[in-house]
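To keep things simple, chains are lettered A, B and C as they appear, and every chain counts its residues starting from 1.
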Amino acid sequence: MADLVARRIHAPSLPEAPGATWSNALVIGDEISMSGVTARGADGRAIGGDSLRDQTLAIFQRIETLVRAAGGVRGSIYKLVIYVTDIARKDEVNAARRAFFASAFPCSTLVEVKGLVFPDLLVEVDAFANLRVNLNALAEA
Amino acid sequence: MADLVARRIHAPSLPEAPGATWSNALVIGDEISMSGVTARGADGRAIGGDSLRDQTLAIFQRIETLVRAAGGVRGSIYKLVIYVTDIARKDEVNAARRAFFASAFPCSTLVEVKGLVFPDLLVEVDAFANLRVNLNALAEA
Amino acid sequence: MADLVARRIHAPSLPEAPGATWSNALVIGDEISMSGVTARGADGRAIGGDSLRDQTLAIFQRIETLVRAAGGVRGSIYKLVIYVTDIARKDEVNAARRAFFASAFPCSTLVEVKGLVFPDLLVEVDAFANLRVNLNALAEA
């Protein structure tokens, strides 16, 4: 048991909410495990307002912040599960993925849910990253 | 291929339903993979009735039962994906996480879905655990 | 970082759509990570039509195609997260799992979502596989 160290990740700009009953990010071996990330700001309002693209981009930035706090890079993110409240706006998710990941695209699953934790949230992203992965230096097979 | 043994986990109190087309829990290396867990009882009714908190607690106990059958402990659970049918009741999920995990909180993703496999189920939890992890003995970073 | 190679998987019969902002499948160490798979055909219509069972079977075949392109086998698939648009039809999902996996059943989570990326899609599956796993040669514990 001793040789697989689990670490809690503290990103100063992304503290857990007071009274939170979850951890934002844990490192399990080389794997970075995260809680679902939303664009909810410190003032309780969604960063990006009613733009699904902008909320998604804000979330991607937060995910990268957590991944960097763990010692990884943007390219360490290898999978996304994206929960949106209006699938008809999926082109905004595509636009955000293109703007953020450019060409080193993670795997990505996209479904429409009935609701998220606050009513003005249009999207939540569950991300998976690994410290030993960099999609910008990817072997092709 | 030979050195990563996959094992099916049998918890006597949590058998797969007759005719089940899934495995409740598999160990893949050190990782414990599980099917989504609900509070559906042997009599077909939800343990915890219409309390989302109590259904969630019953589920957490079941997850721990599976994890222990695999050789782990409560602190081996490092991530939860929680599907609820009424996100407005999310405080009940918080209460269950606090009561069960105390302070060694897994990562946790929470979304509202349209429905679960039986109408009286208020919540289903997809859990991730690792035999070499114990969040109660966690390195901080 | 150097010793955990990530590879993008190219299955000739399952190319990413033009302009796609995701990768269909990546291998991270021994783990095969995939995007959510649907039954959407090249003509834009769902393979399997309005049969949830047939759409699910078409998806399972696609997942196996990706897994084989990565070097695995059907039994390498150890977990499914199945998103359906009508949970009342869950027996069709059971029928597909039984027909495809026979007895070496992966873990499986099943929830009803509000919608999927195209209106005629009844199901999307997020699959997890590992090159060093074969559920058809499983240790019991």
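In the analysis below, a contact is a pair of C-beta atoms (placed from the backbone, for glycine too) under 8 Å apart; a residue touches a chain by one contact, two chains touch by 3 or more.
Everything quoted here is computed from the prediction, not taken from an experiment.
Novice: Same or different for subunit A and subunit C, where same means more than half of the interface numbers show up on both copies?
Specialist: Looking at both copies, the contact residues mostly diverge.
Novice: Given a C-alpha superposition of subunit A onto subunit B, how large is the rotation in degrees, taken in steps of 5?
Specialist: 120
Novice: Taking each chain's centre as its mean C-alpha position, how far apart are subunit A and subunit C in Å?
Specialist: Chain centres of subunit A and subunit C, defined by C-alpha means, are spaced 22 Å apart.
Novice: Residues of subunit A that contact two or more other chains, please.
Specialist: 113-114
Novice: Per the contact definition, I'd like the list of subunit B residues that touch subunit A in the complex.
Specialist: Going through subunit B, the ones touching subunit A are 30, 78-81, 85, 87, 90, 94, 97-98, 101, 105-114, 128, 130-135, 138-141.
Novice: Subunit C touches which residues of subunit B in the complex?
Specialist: Residues 1, 3-10, 19-29, 33-36, 70, 83, 113-117, 124, 126 of subunit B touch subunit C in their complex.
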